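Take a look at the structure below.
Note that the chains take the letters A, B, C and D in the order they are written out, and that residue 1 is the start of every chain.
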Amino acid sequence: MVIIMKKQASSEDINHIKVKIEKLGCKVHTSEGESCIILGVVGDTSSIDTGIFEVEESVDKVMRVQSPYKRASRAFHPSDTVINLGTTSIGGNNLTVIAGPCAVENETQLLTIASAVKKSGATILRGGAFKPRTSPYSFQGLKEEGLKLLKKAKDLTGLPVVTEVMSIDQIEVTSKYVDMIQIGARNMQNFELLKAVGKTDMPVLLKRGLSATIEEFLMAAEYIMASGNEKVILCERGIRTYETYTRNTLDISAVLAVKKLSHLPIIVDPSHASGRWWMVEPLSKAAVAVGADGIAVEVHNDPANALSDGEQSIKPEKFTAMMHSLSDLAKIQNKTLKVD
Amino acid sequence: MVIIMKKQASSEDINHIKVKIEKLGCKVHTSEGESCIILGVVGDTSSIDTGIFEVEESVDKVMRVQSPYKRASRAFHPSDTVINLGTTSIGGNNLTVIAGPCAVENETQLLTIASAVKKSGATILRGGAFKPRTSPYSFQGLKEEGLKLLKKAKDLTGLPVVTEVMSIDQIEVTSKYVDMIQIGARNMQNFELLKAVGKTDMPVLLKRGLSATIEEFLMAAEYIMASGNEKVILCERGIRTYETYTRNTLDISAVLAVKKLSHLPIIVDPSHASGRWWMVEPLSKAAVAVGADGIAVEVHNDPANALSDGEQSIKPEKFTAMMHSLSDLAKIQNKTLKVD
Amino acid sequence: MVIIMKKQASSEDINHIKVKIEKLGCKVHTSEGESCIILGVVGDTSSIDTGIFEVEESVDKVMRVQSPYKRASRAFHPSDTVINLGTTSIGGNNLTVIAGPCAVENETQLLTIASAVKKSGATILRGGAFKPRTSPYSFQGLKEEGLKLLKKAKDLTGLPVVTEVMSIDQIEVTSKYVDMIQIGARNMQNFELLKAVGKTDMPVLLKRGLSATIEEFLMAAEYIMASGNEKVILCERGIRTYETYTRNTLDISAVLAVKKLSHLPIIVDPSHASGRWWMVEPLSKAAVAVGADGIAVEVHNDPANALSDGEQSIKPEKFTAMMHSLSDLAKIQNKTLKVD
Amino acid sequence: MVIIMKKQASSEDINHIKVKIEKLGCKVHTSEGESCIILGVVGDTSSIDTGIFEVEESVDKVMRVQSPYKRASRAFHPSDTVINLGTTSIGGNNLTVIAGPCAVENETQLLTIASAVKKSGATILRGGAFKPRTSPYSFQGLKEEGLKLLKKAKDLTGLPVVTEVMSIDQIEVTSKYVDMIQIGARNMQNFELLKAVGKTDMPVLLKRGLSATIEEFLMAAEYIMASGNEKVILCERGIRTYETYTRNTLDISAVLAVKKLSHLPIIVDPSHASGRWWMVEPLSKAAVAVGADGIAVEVHNDPANALSDGEQSIKPEKFTAMMHSLSDLAKIQNKTLKVD
């Protein structure tokens, strides 16, 4: 941490700040110039709130050097994390393909889609039972009924299953039926929910918030990890910007930033990022080319009658074609993806 | 709702869309031009998901005309809503001043600040017992212990009290001690929490999400109202933009937009919007001048040792001076604010 | 400037950086911690490009302490700058009101509006002769013909006149007719144009770019000042964000930030910020309440037939009413504004 | 164009709007519902300013159906445009690789880099002679001296050359030495400059503005084309968002949007998009995978001593390795890229 004192700070002011630093168990070095005095704070500053210095009248600004997260940081865990999930693994050389409908609608719909994506090489099945919807008047999901159908689809195809939970009381019932829990973008900073999934031992797929910085994204992972659960998979799903042609703006560079800063696997969701089904294949290719550990895509057998997100879902036959393209790309990238 | 068909859409395609519209209980009028066909959909389209048309290959784009919210809309409720809260009211000609510390830290701190803000004319006391913090290593609040202190401060000063809840299980205990529940910016789209506070009869102070559009903000209010609770007060607290000099960017125009679109009261939080204590007074004045129903500000007797948000808190003496400025302004604006 | 070395940087690496710093005429102090080494660079770093250190493999990050601007900085010029403009002055205790049509359309239109705004207390007349339009098919302005009409309006009303230039070759002809040159938001980083107006001795009204940070805004002012012209007036006119209800998002806090960082006057343009005529009056009041040195508003006698920006122009009678509100507010703010 | 009338609009109001529409040579169809009246405007609305309807009190909102650009639109020119440039072509099956230093610094630097990138398969040489810099105190380019060196590099390598112009008076001298003119991001809406390059017959590389929407980007191309020059190549170079880890946020989806809406070629600049040299290779691969027509990258033989943008420049040996990766990818994408 670096603290810049104001030009007019007295030696008393400086001393006051130094005492405050030392009380926190850190040491301080001073660089005095003509126009400012720089205090270099060394020691473990990761859990110090910069605000306690910013509030002082004699301080000009405070800049963090060390990242505020530890367990999620590559500095503390240099090698890539690989997370096992039933028949598959996420991270390392594996190319993960999560596919399935936005929402579980009924048995026929889910089993049809599940069989199709399994056949084309998907490694994990997705499907929403609890649905976060902008409008209270939209379809809110089948709830436990949907979870049971996901279990049925898992038994039929052998694919591990991921589904979203939206509140603490949904965790217990959900964990009876599925293999991985998803925290949605709108709940990325629902800290009570993060702590609660952190107390389970289920892998957690954590989606980036609509306006979360990369640092906040990793801090959300840190919340889960600090509660005891190290099995976190990150998902870049587009951020909110001024551009409205796409539903969100896919921040493809975030994959590289996360890989640099953290050891956790990161996948890309081109369906939510773009909101347009015809962008899903090329954006999936871009995700693999940039080095993501996988993708999560929405597949629906009848998008025009889907109860949610039809406009960004691709049909099973389109999914099959895409998997063949990705397979060629995976070879160049030295990633493992089995497509028949 | 307006649906623009692609140039090459066949009459069969158009008919297919028309049938889909009519099944939803709406009517359709067609405008045929050389380069496109426009379908004007009339009837109650507020709860129709535009995605079900966007997904169709023959459709170019879909534009919503009617707002997707009803209970929160001024169209359905033309006059301003005024919400009673113990000794005070929010909305109408009242200028609401919510003041208090970011977090409840201990009895002396809270009672000192509560007495001071009461004396200077604040109408509602604020203080956090459950604290949403970016880092899992930061102070997380005193929880029920903090709620008890808030009740004590209320008994001492007579001021109604507002505090934040972060999860469903905190609602019951919180409602025993305070008068109004706050939903924080990071939970603005925590839909399960919105539904849960919607089932209580307590007034709800709903803060705008960091990257929420005005429409999404009103939809979040709609969630609460659709669950049965009409007592919603909105709070503009700055949005996330590319500018980093301030913690967030105060969207002062949003006050005007909300007043146009909705009948609900809206206040402004300059402390979180700016993240800088020296901006709080002038931004509060701007909020009153633009026509907001009030402000919410953080006040601390010892900001340099505050456990949270010290850098954006003002001291009681600064608060007193600000209240005098606001009082002059309130007169010009025909708002009621009593300052001794 | 502060340079953070990577954990694994060798003493040779550190020495290499130190030599590079000293060659630039600065001195360096080292703070060595367990997880990083901090180099505090002292001396005049305002014109050093941080990139020359960021490029080094041994460097983790570089943070600027000193602002990269000098002439525009309050640190180098503590008291407020006041700029004289014919019969009026901008800055200090003066409340500047720039009013007039978006575009000069014809003699009757301009003289009608000019007389009306003069009568209601405007201090400067605005009107576009060269118009920056998003579409090449929109009205592009009357050019020199428009400048002549502006001169006529000036002669009639006695008001000083401001108009925009869009390229270097328009400066000479423009300066024959008007008193102040405007640089539009889209040209805020048209550096050749900034240098060219910097070589004149005319006051320059510099509008903030659509996505310019406050630092870039002040750097643009610095360009003009470094070329020899210190008479720069800044104008906050809304920034681009994800919110689309308003044309731009008025960054009202930027007024406070600029006042803190710079000695230059700053005014607010609520017409372009909101794009909605009914927001102009309340936003103007907010601007005055926050402490801006003035406002710039679009006034048109027949908005429905305006050739440009009719939707954000107010009628002369609305302008008169607004001036009365502002007059009351000016008194509280200790600003001078004469309204009959 | 669709015009939504307010609920309370009278038949007189509607008639007034209809007359206004018909005067512009368009026809109108009316859809009357209980809560609103929709006017569908058919005919050529591409050059109509929506503001002239938005300004009317009886109008609720106006939505554009037809794009406001024509020459740049795929609707008016369905097949992909291919632009010839000396020994190479841009668009179609060609994968364009523009490489070279940010700024031309001296003969040795430029010729060293030019030979290196030519050897590794670059198809066009870049290098700045006129440099847009945020600070007036930074290196501003060698100007005509730099242009002469670019011509020398062209003669040596046979590569066509692109360089940026920042003002109208630089166009003539520049066109004597180079093959393609670049309009930088900060000048994307410098309309006078767009018109001026539109009057030449040189290919123009138009970079997207920092906060330009895709529609504004295509409108800027339209400005050039409307002035007579159809040879426009678009370049996505990152947009400004709230995320600060990267210099800008690469909007990779914009490539797909532009390909859908326009027939013009589009390339990607990963150097400016990320501002980090170690992101250049993976982002280049993502650009090719998503379907871009090429890339533009900064290459420098000594980034640590570069006069500009060293931190985002890659060394020639890194460039060579990248070209081999891209070559493998090009094969899968059915694009032509010759690498020895």
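Quick note on the criterion: a residue touches a chain if its C-beta (ideal position, glycine included) is under 8 Å from a C-beta of that chain, and two chains touch if they have at least 3 such contacts.
Just so we're on the same page, UniProt names per chain: A, B, C, D = Phospho-2-dehydro-3-deoxyheptonate aldolase.
What you see is a predicted model, and the numbers here were worked out from it, not measured in a lab.
Here subunit B and subunit D face each other with the same set of residues for the most part; over half of the interface numbers are shared between them. Chain centre most remote from that of subunit C: A (centre = mean of CA atoms). Seen as a C-alpha superposition, subunit A sits on subunit B after a turn of 180°, to the nearest 5.
If each chain is reduced to the centroid of its CA atoms, subunit A and subunit B end up 27 Å from each other.
Here the spacing of subunit A and subunit C, counted between their Cα centres, is 39 Å. Centre-to-centre, using mean CA coordinates, subunit B is 31 Å away from subunit C.
Within subunit B, contacts with two or more other chains are made by residues 211, 240-242, 244.
Subunit B makes touch with subunit A in their complex at residues 46-47, 49, 51-52, 54-56, 68-69, 132-138, 166-170, 186-187, 189-193, 195, 210-211, 216, 219, 222-223, 226-227, 240, 277, 303-306, 308-311, 313.
Considering their complex, residues 2, 4, 7, 27-36, 38, 40-44, 60-61, 63, 65-66, 75, 240-242, 244 of subunit C touch subunit A. Residues of subunit A touching subunit D in their complex: 211, 213-215, 239, 241-246, 249-254, 256-257, 260, 273-274, 278-279, 282-283, 285-291, 325, 328-329, 332.
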